[in-house]
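Please read through the structure below; I'll follow up with questions.
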């Protein structure tokens, strides 16, 4: 049931999504919606603008939130975050150290999977930390611990399953990551450029069993002549390098 | 601490992995290991063969198990399973219907993320169901419910977040999937061939907001002349089509 | 030596190219160029605007012309035209039938390689034929023969090395293509959509040994943090299907 | 018409190709063929083994020869050679310098397109030069000039349209390539590894307008469940870096 002030997802007749608080009026391209009408109704209900155009009301999920965050600079995309799970096997009860919190998208993704395991986030920029904290609060996740600290100066946690690095010089953290990890655990570095990736690999291969990959999503669309891969695609986001602590 | 009879992961000096029960002797390429020596020790410990070659002992994680299953025919790979999370936002407490359980790899992957939500698996072949059940038991997951039933004959569950179809003719389940899903929920079809994908899209677009994609992992390796994308790569596993129930 | 009225390629200090006739004044973003100054000079010479900004003058090559054509709708890109050579082994003296001339980009590409072999182009739209003819004339190619004719009604030529089809329903030409080809020759269909490609393959595999491929160019760029694959890439142009006449 | 001793292409009923001299007997998996029967017949003719299995006889083209060479180590593949044409616009009458002749596959590809332009090949290893020369002779190309010389020690030719480098350290030739090229001409480096590519780019961008790309061919196949991209694909051959001489 929809309650007042809650985040809701409105979808117009063209499939476009709007995430808003359920309160007062919403001015859309199709006219004005009176959101107070929705309170007490079930998700999936429809609502009409004053001009008669229909919207559907959904409960936003996890990815709906992250899509909203996507407009913020430099977040690790869900496809890349998902590869972390596919490679490391992170699961319920795992513990994580993260550096470079950005807007918190990766944090939320991982925190949700490892719950009740804990995630410790190092971030030097207070403004980023505040934005991330606000985003995390929406999910009522109580297993996230943000620290205004520079990870280049050391990692305090031990017996960790994953150290995830989204910072410019992850090679500087290799040794500290090794020490904070349990045997079988992973260090992960997200690096947009080849040079960063090569510098991290060079350093990391002294400590870890490493592998680097890219995750490329190829989307299809329907057009007049038929179905086809999209003409324009995201060709690159970042290189994903994983090191497993074995010896 | 390592206990008797538990699954352990042995890693040899070349990085090769062996998943075995911790009991008795293990005959490796490098000589014989006496596994009883390991009982009571911590993970990360080393053990030597009678010839003096060292192995490391790790606690297998989630993906280590799935890699072992991979030798079984036709499982959805972790990279593709991970995209399901990235697109649908499935998370703790979500409920899932699955058809085509295979060896249970996708089931385990999803069951772990949605716990304490439930996953209901339709499988017509009893032999597959038995193998999957055995694999699932290793994870002590009590939120998986396997049904020896043909999903083409209907879906009994309601208010579901995801209906995941790894069957030859997913287009036959579109209408039933629609009815069992909550608003905002997703149907997912995994189809190796173009023709299957096109048939599913054609039917599904009458009910759902659809998108199709492929997830391509490009791996890098170190060679004498330097680092480079692997010469041989997995070019295709399956097409991933998602439909969201909106109207 | 540069002569009056000839096509020249001007390149500004940012590397941007302009293809123009060498005559009179050229108004650029950087000021006015007096092109008559260039007559009689060597290619590679520099010329200054009235504001003092420098341009280099090059002799446009083959691809410079095609890039100019690219702004026209629906031309087969050089990368895809090049794959035709790589698969069919077309070379000096080969003879070609082409349908769907577009702006003539593929025609020019192939005519240049097969010279003194001949290329016969079927085109139903007179306006397209005229544009193509004008483009071809710039290259002084006398081995191109444009026919205002519908290839769906038959192919008149025999003993052909390649029948290249850039038309909506190439499957309708399969039998005629077979008859006009010499043994060892190829039919080629360029199809943007999956459905077109599948229809052509289904028909063509009765006559030919077929293979389908896509050619994906992945470009790299230098950015502040280093070198990396371009974020936005052309993910798809068309499917390239080749059938070789063997039996 | 087929003449004695000529190279012919035999194709068995499964589509497998054999390139052999037309003389005497050929022992195939399907039985013995008497090739002397073929002399004086037309290409496209069929011939039976002593067991009654049929082969088709074709005139090998350009790519059939290169496929045969492909079993030799490290040749630039036709797809990559074709990109050279697509980027540089090399055409009839262009002149080329090449280093690292390998087995001559790229040489033959380019020599055919630029004829009557000339190609000068620098190769330090006499054994490679001899193999290449033998392969080139099969094509009766008289515009190829092989020099047993180290290109690191300088380039003698001038007014060149393309300097093509398939050598381990192409960055050493950047300055000499610049001097031998005409304005508007291109240097091209084929480098398998990222490190080589980055070293070449760093040096070349001081002289040239550069771009780097990879050409990825994605092939499709028919299987029981339908058509699909091949499971195993060639994921990488080499990075293709082009520099155009403008200033």
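Labels A, B, C and D are assigned to the chains in the order they are written; within every chain, residues are numbered from 1.
In this section, a residue touches a chain if its C-beta (ideal position, glycine included) is under 8 Å from a C-beta of that chain, and two chains touch if they have at least 3 such contacts.
Every value quoted in this text rests on a predicted model; they were computed, and no experiment measured them.
The chains touching subunit B as well as subunit C are A, D.
Of all residue numbers used where subunit C meets subunit D, over half belong to both copies. The two sides are thus made of the same residues.
In terms of C-beta pairs in contact, A-B outnumbers the other of B-D and A-B.
Put simply, the C-alpha centre of subunit B and that of subunit D have 43 angstrom between them. Inter-chain centre distance (subunit A to subunit B, centres taken as mean C-alpha positions): 21 Å.
Chain contacts: subunit C has residues 194-195, 198, 214, 218-219, 227 touching two or more partner chains.
Subunit D meets subunit C in the complex at residues 9, 11, 15, 43-44, 56, 58-59, 61-64, 66, 77-79, 81-83, 85-92, 112-113, 115, 182-184, 197-198, 201, 205, 209, 211-220, 222, 227, 239, 246-247.
The residues of subunit B lying in touch with subunit D in their complex are 168, 192-196, 214, 218-219, 223, 225-237.
Looking at the complex, you find that subunit A touches subunit D at residues 194-195, 198.
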